[in-house]
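In order of appearance the chains are A, B, C, D and E, and numbering begins at 1 in each one.
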């Protein structure tokens, strides 16, 4: 579903990601783990097109989007939940969700959104900025989902979120995978959360992958070691 | 109007280029120095006078807010100079123009004046429009000993050896006009309105003084000033309505004119409606140039007091108007100031020929009594105080943007820039 | 001595830059320009004072004021008031016209006569004294800046809002000056300034002396600017520009520091205005209003908003450009000036100084390699020229 | 022992939303207090209120007997309150040395800073703080080139150099590696000698390591206060925060 | 005021009514000027010093059309004005679109640089108008129905062009409100202006939104220009007279709020109009400006500020 080949990303002179290749199968959930500053967020931003890739290809369902602007990538089936949520603070919750509807050209928010995130229904007239962190995270996911993506990119969805909500998010993602035909790429530092949702885990360090594990036979100790050094 | 003004812009540029070419070519083909007036004799102070060319400066705003007013003067001066060159020039020398842009900015005027005098050694400068620009350049002309021909009607209180004022000073324009309003229209109460700077303020002071001192039972019921470029006059109009003056005496200048008259009309004050209530509007600042921007339909029936109107019926003007239109397009209009600007080069030529020299001191001394019989306004003569003797006239505005001349002072009025008792 | 060298002159590279400027101002211009152009140069340089002030408060302190014309104008008006009173006292001896002489009240500026003011307004009294005038040239604008600065920075008005409010203040000043024409000369301004303490400022020699005075004071302002920027205060300014809150929580009163640098900039502008009045013999509300204030910011932007010396070059170049373009193309120079502003902001956001920083080392390398080659050809003949002059800025 | 910092009935509301609601809270001398709580519980707002960034709607904040809630930020700093922000705010264009120099508590007035002289004792103090915050090798590096963790340290150093009596640290180990976290824990242990420290933190392992006492906030109110063990045993805390 | 005492009560009532309306029409003028800037400055944070010149462009388009009609199709004179407004919008819109692509798009997030660059742009546009149309003032020939006054009773004259301006301003505000807060396009604009990168990442073509938003702001200025031909003159430098007033209105209202802009235009216009009646024009202007600045110092965020924790 998502094929990344020889991806190279750089800020000015310094290369953050070099020659990175991986692919994610349909309906698979891939987790990319690693410490801060190892290139996870850079990779995510490069996939959605906020950062330009120097080289390489990013294929979504066979279509190379590497040269596209962000909005075209969303059009091609990517959706993105950024680190730090980045909802639009002065827009109401409803309007925040509607921004995600732009690509599909709909006006009305489907019922399943509020079924999946009941708390957003309660808050739908509030301004996004006045929501709590966990609610904002749900809003950011809802906003990404309404564009009916083939591939969902989640960048550190648990960062700064209280543990109880982390549980909720994991539950919601698993439910979503059952309901829809969706591929997920998630970057994470929290192993417990990752283990609940991921089918496969890649560990990133210095802009490249250094370890791969399937959930079935995950080597927790080894991954801990990577996260800990 | 506008549809054919685009090519006119091109035409203007082409004409300018052609003229520059003319000025460059003519001297070569023309005769050498007039043997009667060898350069060494007519130019003893190092002015830019050669055997066949004399350089003059032209200093008006062609950019900025004042460009709209000064364009007419630029055009009129160019016409006069072209005509003089065609007629053989001044003392056998063709006139070459160095144009500088005052950019509607008084300090720039001073800088450019200095450049024209010091660098270009201009034998005369035709230029300035606002009082402020004249005040800015005056010290330069006095210090560097240059000669300025200044075209605008102005507040007076000035007389310089280095300036010839070809427009009227305040008393020439104001007093006769007020007397007319009082006698012919029975005006007793006056509301004085002006743009906020020295000419309207000084003029209104003279007007107030004249009204209160010399006109019987007359009084001023209001006096108001608005910044240059101001566009909101509704409050003022309401105040005028409240005061109900017999005469609205208006000295609004530049772009504000349009707003002022359009809003007057919108508030129901027109020449017609005023006439019903035995009121008049008299202006000394709105020439045909401005009326073109205002639209005749907004001003019809109001009165203006000036020395020149385009519709003036005399042989000089009958030749002048077509010549102007031939040069600057058939839609061009000529206002009082443009006419005064046209006088400048001609008066200078007459003075130089009278003095037999380009030297500034000699010209200054010879100016008194110089006449110009071909003046579109009829006949003018330079007074000892370097202002012109001229007539005053009342025009009534018509729908087509022209004035109907309905009254004229019987004699030339003596310029009196320092009127006793009026200050 | 050593610290002074480092702090005021800015070490070696700073000294080189300053030396180049001095050579240009004190040697090349006086030799190459005739009196008329040299006097224009004095005029340009009096704008450079404002630009230097802007480098301090905008480039380094992050406070963009679009109202520097206000302070410049107050400085200029104070000086002009003094000169005008002196001219008015000598009117009988100076005036060319008998009529003017007869109608003018001795000791009263001419425009007051025209406005039927019969005795000198009280606010003009201080300008009878030269020393008091010099004091007021600095005190009035600085006090004004202090009031504006305290009021605005206390309330944390900053950035764009500060810029727009100062712009409006400029406008207020212009229309008030225009409307009080009996006191200020109205839209005409204060014209026809003649002598200063009996010394005719319109003569050629006076203009040359004034030129050197302007240059000297300008260099003085650069040194003061260098001193401020090299102090801890200078570093705090930069810190404040990048992170105001952190400075606040390091125990500094941000509003006081900002007010201080704003006042310094105002005082420098005022000095420039006063010198303008002396150099040009003229002061006008047109010089105080919005347009010149924006030009002043543009001088600074073109020169490089971080570079004190760049600001001087910026003022000279833009003003000269304006003069040159308008002399060559009186009808079209707006296009050229407008184009220059757009190109500079678009391609050289750091102005000339930025371009020099960027191109300088490159040229330096080229020069170095050229010298290297030359040396290879003539082994012992050429001593390598130090190239680091442009680095380390 | 008298509490150094005493907060009584503190309330602040934004647009009707009470971020801190009638909070009463105190910190003792040389105590290291950790405040935890879910996002939006008002932890950061609490620090903002203490250091003067936000003005309270009601209540009082007394430090060493002085009322802080009406003071300007810089005056609060001069009372001996230092603040480190959530996202490290250092001066990117200045070097580590200059960053610390600016934070040195001398020459804070306009004239003082203009004529501030960088004497040997200043330099010595800067070096000392840099050593404490593991930045000795980076004294002349521009702050923008430091790693995230180093920036955190630098900001702690900038607060530390002013020798505050109360330090407020908002998420000091966010984005640090485990080793860096350990170093930071050591640093905090050293720091709290001679002063009180309030830390906001999410990392429970880290909290366990450093905290003398823990306060749990929820919806702008204090939920419970006690030792780490007591907190972890508390039912209410489990419910709102740790979850299951 | 002894004048007032000398006048009858009925007359006074009329004057006060007219004076009140004068305030309203000034309000309409301010509002029309400020609407475009409220979008460009308020939403996009671009300090467009050339805003006045877009107004001039709109005015020239109207004048041009009016001359065409007068010369070639005088019968259409009563009807051409609405078409002129549309044309003014379109021309200014296209010009704004080009300016965004050529200049403004490089300067987002550098608001103070936009100020300098657009100042250069304003010089160029002014000179372009001057070279094309001449430096002189020009005026549009207005349809007869738009001139003169509506006089419900003797002594009471309500200017028709003032009513027209007021109606136009209200319509424009409602349209802009609908566009910004009720349409999907407005949603895109608001999202883009808050977080450009994120807006792209949810599927909004931010570059297009930027271009169209800027152009729309310019187009609104064009409409204001067309409307102003009913009360004022057209000259190349006409627009520059309005620019400071316009910024003051937008800043005073609270940059990002449409309601704020409306309120601030109303407050400033009415106080200026009332002060003008009792004082003089210049003093009124000074008092209003000083008042606004003092209020801005007390309340730097303007009249209406969006309250949200960011």
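The working rule: contacts are C-beta pairs under 8 Å (C-beta built on N, C-alpha and C of every residue); 3 or more make two chains touch, one makes a residue touch a chain.
Note that this is a predicted model, so its numbers are computed, not measured.
Enquirer: Let me check something: if the centre of a chain is the mean of its CA atoms, which chain is farthest from chain C?
Expert: A
Enquirer: Which chain pair shows the largest tally of C-beta contacts?
Expert: Comparing chain pairs, contacts are most numerous for B-E.
Enquirer: Can you give the whole-Å distance between the Cα centres of chain A and chain C?
Expert: Result: the chain centres lie 54 Å from each other.
Enquirer: Return the distance between the CA-based centres of chain A and chain E, expressed in whole Å.
Expert: Each chain reduced to its C-alpha mean, chain A and chain E end up 44 Å apart.
Enquirer: Give, as an integer number of Å, the spacing between the C-alpha centres of chain E and chain D.
Expert: 49
Enquirer: Could you give the separation in Å between the centres of chain B and chain C, each centre being the mean of its C-alpha atoms?
Expert: 37
Enquirer: For chain E, write out the residues touching at least two other chains, lowest number first.
Expert: 126-127, 130-131, 282, 285, 308-309 - these are the residues of chain E that touch more than one other chain.
Enquirer: Residue numbers in chain B touching 2 or more other chains?
Expert: In chain B, residues 62-63, 196, 225, 227 touch at least two other chains, as defined above.
Enquirer: What positions in chain D touch 2 or more of the other chains?
Expert: Residues 14-15, 17 of chain D touch two or more partner chains.
Enquirer: Quick check: in the complex, which residue numbers of chain E touch chain A?
Expert: Touching chain A from chain E are residues 184, 187-188, 190-191, 194-195, 197-207, 256, 306, 308-310.
Enquirer: Give every residue of chain B touching chain C within the complex, in rising order.
Expert: 62-63, 99-101, 103, 105-108, 110-112, 114-115, 118-119, 130-132, 135-136, 138-139, 142-143, 155, 157-161, 196-198, 201-202, 205, 225, 227-228, 385, 417-418, 423
Enquirer: Which of the residues in chain E come into contact with chain C in the complex?
Expert: 45, 47, 49, 103, 106-107, 110-113, 115-117, 119-124, 126-128, 130-131, 244, 247-248, 251, 282-283, 285-286, 289-290, 292-293, 296-298, 300
Enquirer: Under the stated contact criterion, what part of chain C meets chain E in this complex?
Expert: 64, 66, 151-152, 155-157, 159-161, 163-165, 167-169, 171-172, 175-176, 178-179, 290, 294, 297-298, 301, 331-332, 334-335, 337-342, 344-346, 349
Enquirer: What part of chain A is in contact with chain E in the complex they form?
Expert: Checking each residue of chain A against chain E gives 48-50, 69-71, 74-75, 79-80, 82, 86, 88-91, 95, 98-100, 102-103, 107, 127, 129-130, 143-144, 147.
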